Every structure is written in structure tokens, then in C-alpha cells.
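Two complexes are shown next, each including subunit A; its partner changes from subunit B in the first to subunit C in the second.
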Partner chain A sequence: MARKAFMIDTSRCTACRSCQVACKQWNKLPADSEINRGSYENPPQLTPHLYNKIEFIETEVNGEFKWLFLNKRCLHCGEAGCLKVCPSTGALFRTEEGLIGFDKDKCIGCNYCVNGCPFDVPRYDADNKITKCHGCLDRVGNGLQPACVKACPTGTLQFGARDKLIAQGKTSGRKLYGEKALSGLGAMYLLDNQPQDYKLADNPSIPTSIFLWKDVIKPLGILGFWGSVGVAMLHYVTVGPKQLDDDTEAKGGE
Partner chain B sequence: MTNHWIDIRNSDVILIMGSNAAENHPISFKYVLEAMDKGAKLLSVDPRFTRTSAKADLYAPLRSGTDIAFLGGMIKYIIENNLYHAEYMQLHTNATFLVNPDFKMPGELDGLFSGYDEQKRSYDKSSWSFQRDAKGVPKSDLSMQDPNCVLQLLKKHFSRYTPELVSDITGTPQEKLMEVYQIYASTGKAGKAATIMYAMGWTQHTVGTQNIRTMAIIQLLLGNIGIAGGGVNALRGESNVQGSTDHCLLFHILPGYLPTPKASWPDLAKYIEKSTPQTNDPESANWWSNRSKYITSLLRAHFDSGLTTEEDFGYSLLPKLDDGQNASWLMLFDRMFKGDVKGFFAWGQNPACSGSNANKVRKALAKLDWMVTVNLFDNETASFWKGPKMDPSQIDTEVFFLPIAASFEKEGSITNSGRWAQWRYQAVEPLGNSRHDSQVMNELYSRVCALYKKEGGAFPEAITKLSWDYGFKGLDGKIEHIDIHAVAKEINGYFLADKVVKGKSFKKGDLVPSFAYLQDDGSTNSGNWLYCQSYNGKGNNMARRSQKDPSGIGLYPEWGWCWPVNRRILYNRASVDASGQPWDKKQPVIWWNGAKWQGDVPDGGWKPLNQPGTKKSFIMLPDGVASIFGAKMKEGPFPEHYEPLECPIEKNPLSGTKNNPVIKLFYEEGGLEEDIFYSCDQRYPYVATTYRVTEHWQTGVMTRNIPWLLEMQPSMFVEMNPQLAAEKNIKNGDWVKVSSARGQVEAVAIVTKRFQPFKVQGTTIHQVGLPWCYGWSTPNTGDSANLLTPTIGDANTMIPETKAFQVNIEKRG
Partner chain C sequence: MGRYVERFSAFDRVVHWTLAVAFLVLVISGLGLFAHTFFGYFSFFGGPEQGILAHKIAGVVFLIASLLLFFAHAKDSCSFDSDDAKWFAAFGGYLSKNEKEIPQGKFNAGQKLFALFSFVAALVLGVTGFIIWDPTAMARGMTQFSLMLHGLFFILIMMGAVVHIYLATIGNPGTVDGMLWGQVKKVWAKKHASKWFKEVAGED
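Up next is the complex of A and B:
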């Protein structure tokens, strides 16, 4: 199946936050009790009960005051740090549409994915199980749009075939963020300004330590494991099964 | 709205001023963005940089309460640069009319128009009139050069509004003013359209009506009324507030904008005589000359159809206002506060938070004998007796709470800002003991009626003679279940006798096809003439759902139904020239094909203006044209800038008349302490305004009970600029006390560059803003911003001035 993705056109976002609420409604997520800290941006961060949120960024671009709105969520990376580091098979997984889902039953609560994510997305709930945007894989798998996309009144959020969204995005004249990074993000942005104005990394990458873990140490470890199995096999084939020392047995040990 | 929501996408320039559409009408932005996709420019003018401003091509700040100065400068700019649409003005407005030479303007009379009576605080309007010929038709000068013609007077009046002076009043930098003027005035050409989206940021001022008038004048100068993408568009604050206004929400009108009877109009003949506008112009349709048909049909719908012509069809049973009586919101609560009101239904409302000067409102509720609150949730009104500063042992008000069905728990019609009546269906059964409003009213009616029948009383016929045929009656005469379709059909109207009208014969019981068929002989009824056609022989037109758009401009004529007679754009005969050809060839609303009109339902079906037998294009006005000179206004036929009642400056920079000279002053010598105000007072040095937020709705009764929404906007806040915060040693997130002459609230400081200080009259003026969506009954959210707002209203409508008043702020100790 062709890879699917979100396209987030920031120029159309009015920060109405129906995406935040629709997500909570579909995914049956409770409200966090909140206080106002001197901003509209509440909660201030993603939480175990908040899979996507709008960041309200007051900034100046070329001397002009701007109030920028950015939908923050799991970007469903093509090369996903979380997936790479996850030691528990199936706790994080990629759907056939290319989204990164999770299975709480298989999560072992190691928190590795938190360190593996270049966008500070995964959160752990009270049971120490991973939560994050899973792209409404239950809806998408049944031919529906993700809840946030369905609720968006301005067309800021779109979901569909990734290559088509890219082709459309390129005609908009806006900066397309995430086409190539990390083997292509599964949630891309169309930006009116530079990525850093939205506090987005120019070239997002998986932390080197993770790269080492996943691409060097983990493979080596796996290699080591299978290596020892292999050596044992080789030994079995060439030398044959280990023979119990009849004498030892007979003697009942030393 | 003269136009409708979808039509916003047809605009070339969109001015959002006096509203914050992105935050408070989020769906409208679908169409704003569609217009911008096609190259439209979005202008945001607001004291504060909002989520609307964040999307705008241009943002211009202005001090609250100075909109007339801002827009007056635009009128000057348009006229002096010849950017107006002269042909449009000659055909469709009174710009050419000659005014009485005795008429004097504020430039000559230090801020006043001729005829002011200081004692009465009102005007003798005799000089605010047109010169008329022997037949009584206004004289005009088509060249618009006569010094007494409306255009020349307008030019003279607004010549005082120079960019320097406007900037000095509004605090808007001059270059921003000029940019706004330039972009907006670029639509004075045929084929260009600009729209205004406004809301309570314009209406809730002592000059609220004149704010809208100023914009209407601009739209008429530019030829922007009647065309696609144009108009004067009020964004209504509730999903059905248009419907409730149409059906007489306000004290001074009956359904369909018929005037409320007065004590001095004792019978129907007098009512018709006094309330029907007259014209001597044979080319004026003067549609209100049909008043007698509409009031008679209304009476036939209200009261027992057995009532006869001799009984005036029950006219005497209608409640009447005393002559000169104003029964608006502020007056109602003033009377209640003084103990004149015994009982009160708070139906779907929360005045303890929504009412201006809420402390006074809350005290007034304690003077009632009884109050019935009808709502989805408990709220500050229903529980006022246990609220802050209340001693329940001292309050004798008996309070009843009736739980009511929510919108999705009931079937019925809803009318949006664009006048579309749309039918909606019940999705789920009402929860618990809550009921449909009509069921509650039915219970009330049947019980009160039974009591009147049994016990008599002062005036029982007003109730016992009501017509109440909305469902199957049991043996006891009571209707068990109200049929909401029967209500909708009666609003449309029936023939009550066999009748031939316009060559068509109708049987008794037939639904009336449209209001052109209503009669004044008692043979038709109609609960609201404007809705006649909504539910006729073709069925329930409000339930139509066709997505066909033959116009290509988004009229969708078979989606729902729109008043009047499914006309989607009002005044659309101004969208064409004298020969009936559209100014805008690419987006025509209507056009004359040589034999008939095509496109939208034309505003009167007469031939084009250059053909014999035509009628002028503004059919609801006696002169047949739009009023640039509007003598109906209480404070003057042209708008003039006056400062808000509470303002930060000593003197009106334009004249010696500081405030609107005809507003009713509540706090006078010996007035109520509750109504106190302080203008230009060191104790309350900061301008304040109130607003809504996307996340909450109105006073928040519904949204504060939804934890997801409370999570996003958890509590009361006050926004201020960093300079003011530094002066007051307030940091972002600190708790602050905000106080006015009348009350105090606590709020979290949001220190933001989205507010900037204003340079006015050589001084720095700070403004702060607070939402009014919180109330004490939801824990930890704070209380209403309306504890601060004043008891003062607009001169014409008495809508309270909650958008500009004075406060102090202090860090909470």
C-alpha cells in the first residue's frame, strides 16, 4: 500500500484547537486538570492524554510581529527513532499505511523511545506504557480520516497518499518540511516562515547514541546472540551433541 | 448579514473589525481562507493582536471605542480621492438628495447637530430633513455638487477627520491607517467587492449603532451593498440569535420586525395608521405599506380565530408599551433592582455573568419573589443566592430550575447569521427529566390557562384567547406532545377561509405560498410574515438539502430556506446598473435578460430602473434608496466620534462634546451607587475591553462543564502589554486584581506583545482585555469580567457599553 501521511498547512491554522478536542473524544482521553500559566497554550506540553496540540508561538520575523500556530504531534518518521530503539517487538509497529502505532500490552516501559524521538513526542501513562498519536489507525484502517483531520474546519490538517500531498504542497509556494528528512516524515508541514521560527530543527535526526544503539550495538548484539547460536550449531554439526560424561553421572558428581 | 457565510469567499477585501472571527466564528474562516486563496486581502483592525490578526495581510491596532474616528478618516479618504462609485450612488442612495439649508453639523456646533435640547438630552430633528418638491418627493442634484446635497455635506462633515487627528484619537499609526484605507477603498470600482465582518466589538458601545452606520456609508460609497462578496455582515454570537431576533427577542418589535403596540395606539386601525410608513414617490415600492396585512395575519396566528373584525382580531389582547417606555435589558434589571419586578424567567441565559455590571444584576435577582431558570446546567444565575457576597438567609427569592433539552435533543428550525432557516433533527432523547422547550411552554400554558379559566383574574383573555393548535388534544383539552411542524406551519401561515388571491384560488386550511398572498381582512394567518414561504404547499423548505448552485457564487437556492422569499443576498437590485446589467460581470447576483430577472430572487421584481413602471432598489425604505443621510438615528444623520462614557482622556479631540449627547445616563445626581462611573480618573487609568475565546461559549455554562475545553482555557486571565506589566511589577502568569468603579475580578496575567500601548494626545495609553466566559460556580475558574462593566447603553438600542471602560490592575498580594 502506498504510504499515507498528514500534511499540516500552518498558513491555514487559526488555532481553534478542534484537533485537540476531536482527538480526545475519539481516543477517549480524559482532560488534564490545568491552570493558566500566562498563555493560551494549555497544556504546555504533550501529555499521556494529549496526542496532538497547538503551539502558540509569539515571535518576530524580519522585524514584524507574528503569532504562529503549529500542530505538534508524532510525525510518523520514515526512519523512526522510537521504532529503532524499542527492544520489545510489536510494542511499536508500523502500519501498512506507514503510521507508527503502539501496543500497550507489549510495551515494557523501558522509555527508550523517549530518547529515540528527535521531536520529544512519546509519553508514558500512569501504568508506564507508551502513548502518542497513532494516526487514528483504527479509523484509517477502516477508510476514515483521522479524528483531528475530520474536525479541522480550515483545511490545515489533511491526510492521504503521501506522494499526492507532497505534489500538492509543492504547488503552494510554501516551504515543505519533512519530505526527505528521516526517510520522509509521515506528518509534514507547509510553513510560511523558516523552520526555526516554529522551533523546528532544520535537519531533524535521530540522536547519534540511538544510531549507535540501533545500527551498531543492537545489530552487533543481535549478531553476537545469533553468532553464539551459530557457533553452537556449528559445534553441534561438526562435533555433535554434547555427550554427558557417563563417568561423571555414574559417579554422582565429584 | 445582508449576505451570507459562503459569500465571504467572493470578496476581494475582507475587513474584520469589531469582531474576532477566527476565534469566535471559527467556521467562517473556511470562507475567508477560500477568498484569500483567490488573492483577497484580509485586514484586521482590533485593539489587540488576535488569532484573526495572525492570519491577516495587515493588522492595525486601535484604542477601544474609536471606530468612528478610524472609519470617518476612511470616508474622507474615499471622497477626497474620488474613489467612490458615483453611478451606484446616484442610482441607489440618497447621496444626491438636497438637505434642508437649516441643517447644521458638529463642525459648526462644537460636536452637535442642529436641534439639540440639552435638558431633554435629545434632538428636535426638524432640520434633519430633505428639501421636497410640490409632490413631496425629495429634491436631488444628480451631479452631487450642490453644497446642500448629501455627498457634499458628508464630505464637509468628515473633512475634519484628518489622518493626523484620527491617529491622535485612535492611537493607530498613520501609515497603518493609510494602508487600510488604500486597500479597502480599492473596491470602489465595478467588479470589486469588499466585505465587513463585525460583531459585538462594534455594537457594544454608546455609539454602537453609529459604528455600523459609518461602515454602511463606506459600503454605499464604494458600491459594495447588494453585490456578491460585499454587504454589511453582522456575525451573530449564537447559532440561532438571528432566528430569535426575527421572532421578537427584543422588546420593541413583534415577530417580523413589526413595532410593538403603544398605549396610545388603542386599536388596530390606529396601529396601522401610526406604524405604516408613507411615501409620495411613485417610484418607491415602500414595502412596509403592507404592514396591515402582516399585523393582521400575526394577530390571526396569535389569537383564537373566532375573534372578529369588530374585535380587531384580538389586538387589544397584545401587551403594549407605555409611550416612550424603554424595556431593554439595562432598564429591565434597573427596574428589578428597584423592586418593581416580581418574577423572572431566565430561559437559556445567565445574566449573573452576561449582564453588564453583573454585581447590580446579581443584587437585582435577590429582589425577586420568584425566578424560573431554564438551562442545561446549574449556573451563576440559578444559584445566585449562594454566590459571592450573598447571604442566603437574607434572600427571599424562590428559585425553580427546569432542566431543558440541548440542541441535538430536539427537532426544529435554526436561523443562522446569513438568514438561512435550516431544519434540524433530534439526534438523541433528552437526558433525564429535561424536555424540549416547546413541551415546557405547553405545560406552562395549559396550567396557567386552566387557572385563568377557573379563577378569572385581571386580564384572563390574553391567555385564554390564545390559539394553541400544535397537536392532538386530549379529552381535557390539553396537548400531550407538541408537534413542532404544526408550529412551523403556523409561522408560515394558513388560509383561514376560501379565498382567491392574484387569480389563484385557495381553500381554507391551505398553507400560504409566500407573504405576497397575506391578507388584512382576517382570511390568512402567519406567525411571522418574513417566514411566509418557509413551510408551504411545497413542503418544509427549511429541510431542503440540494447542493445545486446554478449561480456559481454559492447561493445554493435549494439548501434550506432563507428570508425573505429565499433571497440570498439582500438589496441585490443595487448589484446592477440602470439597465439591469450587473456591475460585476464575473460574479453576477441578478441580471435582466430583457424580459425577466435571472439569478438570485430579485429585491422586488420590477423592471430595471431605466424602464417605465420601475420601482427603486431599496424597497423597505420610504424613499426607495439607501440612506447615507440617516435621519432616524438619535444622535445625528451622520456619525460623529464621541468618547466612551468611561475614557482615558479629558477632552474629545474633535469637539467640546465628549460623550454621545443623547445616551441615557443612569448615574446622575442621586442615582444608584451601583451605576457609578469614573472617566479620566487616576484611580482607573487603563482602558479595558471584554471578549470571548474560541474554547468557551458565551458565559461558559455549557463549555465550563466540558473538561476538555476547560483544560485548554482553564481560568480567568487579563492580557496586557509588557511595558504596563513592568510598570506594575507584574510577571507573566502572576495573579492580578482588576478593578473598576463597580467591581473587581482576579485573573492570571498574560503579558504579551499582542497588546501594545497607544499614543493618544501625546500620552501613552495602556489597554487590557478580559474574557467573560468564567463564573464562580465552576471551581477555580474565577468570575465574570462583567463585574467590571458599566450600566450605560447605546443611544438607539441600549446595548451595554462593555467593550470600552476604565480599570486599574494590581498584582495580587
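Up next is the complex of A and C:
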């Protein structure tokens, strides 16, 4: 099946946060109790009960105050750090549409995915189980739009065939974020400004330590371990052990 | 005059085998986190969450036992002399049959190196293990780096363990006796640790 993806056209967003509410409704997530921080942005971070949120980025353009609105969520990376490090097969998985879902029953609470993610997305709930945006894979699997996309009144959020969305996005003339990075993000942005203005990495990648750990140390380690066993066995049958010259036991005892 | 000479005290033996059991528990409970192939090993502990708990407990035991064992022998393990240089140059005589033994103290140069390596590895695994105890508690970059180092030193200590077990058992017959019941044969001591044997037995 062709890969599906989100396209998030930031210039259309009015920060109504219908997406946040629709997500909570569909996924039966409770409200987080919060405090007033002097911003409409609320909560300040993704939480175990908040799979997507609008970030209110305050900037100044020609002396005028300006908001940049960014829909934060799991970006369903093509090369996903969370999948790379998850020890429990099936706790995190990729659907045939390319979305990354999770299965709390299989999650072992190791928190590795939190460290494997380049975008600081996965959160753990009170039972120490993973939560994050799963792209409403239950809705998508049944031919529906994700709840946030369905609820978005301005057309900021779109969901569909990834290729088509990219082709459409390129005609808009704005900066397309996430077409190639990490083998292509499953949630891309159309930005008016530079990625760093939205606190997005220019070239997001799997964290270096995580890459070295899983793609270098692990395969070399398996080789190293069996190599050591092989060398020991080879030594025993070629050079042989250092026998004791005067071993009385070998003479049949005293 | 018996045929045996005392090599390891009861304290050494108990600490060594405590360390060995903790190591085994750590390997079995940790492999499930290392690779999908070994995920089933968690069932030895009743499940992944319990396996991770066992890993943490065994980790603390392993670190304490490693420190005790290292410091109990630090005086012997940390002093290298010219005979050790000769030992390293000859690869301990392990490269061919019937090589002449180089006079060595209580521990040969390779054993001293292994003692130092084990000490460093236990420290690194212990410190990184503490950092990843709760992988969300510390700074992200430090946790990621610790996960990597923990994996690296796991591999290194596994390779060290393979060599250690081989050389201390079938590779050098008579060696494991000292760690099992404390005594080794005098012929063993004369061959493998002649300087030490002279010291403790006053014989040549």
C-alpha cells in the first residue's frame, strides 16, 4: 500500500486547537490539569494524555509581534528511532500505511523509545506504558481521516497519499519540511520561515549514540563474542592447554 | 609438606562466585534488552518488568562484588615489572607448545590486565547503569550516551569472560582449583607463578 502521511500547512493554522480536542475525544484521553503560564499554549509539552498540540512560538517581525503555530506530534519517521531501539517486538510497530502505532500490552516500560526519538515525542503513562500519536491507525485502517484532520476547520491538517501531498506541497512555494529526512517523515510541514524558527532541527537524524549502539556496537559485538569463543576453541585444539609436567593424578595417583 | 599451597581465601572465593552468579543473572536478564532474539529470556524471571528489576538488583551486587575483589587484590594486580613486559612480549607463552614460562608473581601479567579491565568495566557498567536506571530521569544526551557505553562494555566484558573462563579452566589445568576450594597444586604454582610460590612456600 502506498505510504500515507500528514501534511501540516502552518500558515493556515489559527491555533483553534480543534485538533487537540478531537484527538482527546477519539482516543478517550482525559484533560491535563494545568496552570496559566501567560500563554494560550497549553499544556507546554506533549503529555501522556496529549498526542498532538499546537505550539505557540512568539516572534517579532519588523517590530511587530507575531505568532508561529506548529502542530507538534509524532512525525511517523520512515527511519524511526523508537522502532530501532524498542526491545519488545510489536510494542511499537508500523502499519501498512506507514504510521507508527503502539501496543501497550506489549510495552515493557523500558523507556528506550523516549531516547531513540529525534523529536522528543514518546511519553509514558501512569502505568509506565508508551503513549504517543498513532495517526488514528484505527480510523485510517477503516478508510476514515485521523480525528485531528477531520476536526481541522482551516485545512492546516491534511492526510492522504504521501506522494500526492508532497506534489501539492511543492506547488505552494513554501518550505517543505520532512520529505527526505529520516527516510521521509510521515508527518511533513509546510513552513513560511526557516525550520529553526519553529524549533525544528534542520537535518533531523537518529541520535548519534543510538546509531552507534544499534548499528555499530551490536553487530560488531555479536561478531566479537563468537570470535572470542572461536579463538579459544582454536587455541585449545592447536596450541593446546598448558599441562602440568608433574601431574601425579595423571600417573594414576600415589 | 603437602602437595597443595593456599591461593585464595574463603572471602575471595565467596566474593568471586557471588560476582559470577550476579554476572550470569545480568547476562540472562540483559540480553532481552539487547536483541529481539533473546527477548524470551525474560520468561526466566516471570516477565520483562521482573527481568529488568532482577537486572538492577544483580547489577548492584555485581558492582559491589567487583569492587571488593579488585581492592582485595589491588596490591598484586596493579604492580607491573620487567617480567611482565617479557610476559606480554611472549603473549604469555600461549602462541606455541612447550614455551618456557616467564617467572610471575601471584598473578601473571595477563591476569593483572584482566583485573584492571574488569574493574574499569564494572565501574563503567555500574555508572551508566545508574544513569539509565530510569531512562527519563537524566539529561537526554547523557542517557543516550550511557545506553551506548553500557552496550559497548557489555560486549567487551562478555569477550573478557570467554577468555577468562577458557584460560582459568581447560586452557590451564589446575587453575580453577584455587577458586573452588582455595588451594592449588605446588606443581601448578611452580609453573605458573614461580616468584609467588617462592614467596609463600620458601621453595624453588
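Note that in this section the second predicted complex is superposed on the first by the 212 of 254 C-alpha atoms of A that agree within 3 Å, B and C clash if a C-alpha of one lies under 4 Å from a C-alpha of the other, contacts with A are read in each partner's own complex, and residues count from 1 in each chain.
Here is the rule we use: contacts are C-beta pairs under 8 Å (C-beta built on N, C-alpha and C of every residue); 3 or more make two chains touch, one makes a residue touch a chain.
It should be emphasised that the depicted structure is a prediction, and the values quoted were computed from it without experimental measurement.
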Quick one: is A:202 in contact with subunit B, with subunit C, with both, or with neither? Answer first, second, both or neither. neither
First, second, both or neither for A:87, with subunit B first and subunit C second: second
Which partner reaches more residues of subunit A (counting touched residues only), subunit B or subunit C: C
Which holds for A:124: it touches subunit B only (first), subunit C only (second), both, or neither? second
Taking the superposition on A as described, I'd like to know which of subunit B and subunit C A:114 touches: first, second, both or neither. second
Look at A:105 in the shared chain and tell me whether it touches subunit B only, subunit C only, both, or neither; answer first, second, both or neither. neither
After overlaying the two complexes on chain A, where does the subunit B footprint on subunit A coincide with the subunit C footprint? none
If you look only at subunit B, which of its residues touch subunit A in the complex? 22-23, 26-27, 29-30, 33, 49, 51-55, 693-695, 707-717, 731-734, 748-754, 780
Counting only contacts in the complex, subunit C reaches subunit A at residues 3, 32-36, 39, 42, 48-49, 52, 93-97, 134-136, 140-141, 143-145, 147-148, 151-152, 154-155, 158-159, 162-163, 166, 170-174, 185, 187-188, 191-192
Considering only the defined contacts, which subunit A positions touch subunit C in the complex? 85, 87-89, 108-112, 114-115, 120, 124, 207-210, 212-213, 217-218, 220-222, 224-225, 227-229, 232, 235-236, 239-248
Residue positions on subunit A within touch of subunit B in the complex are 12, 14-18, 20-21, 24-25, 30-40, 42-43, 58, 65-69, 153-155
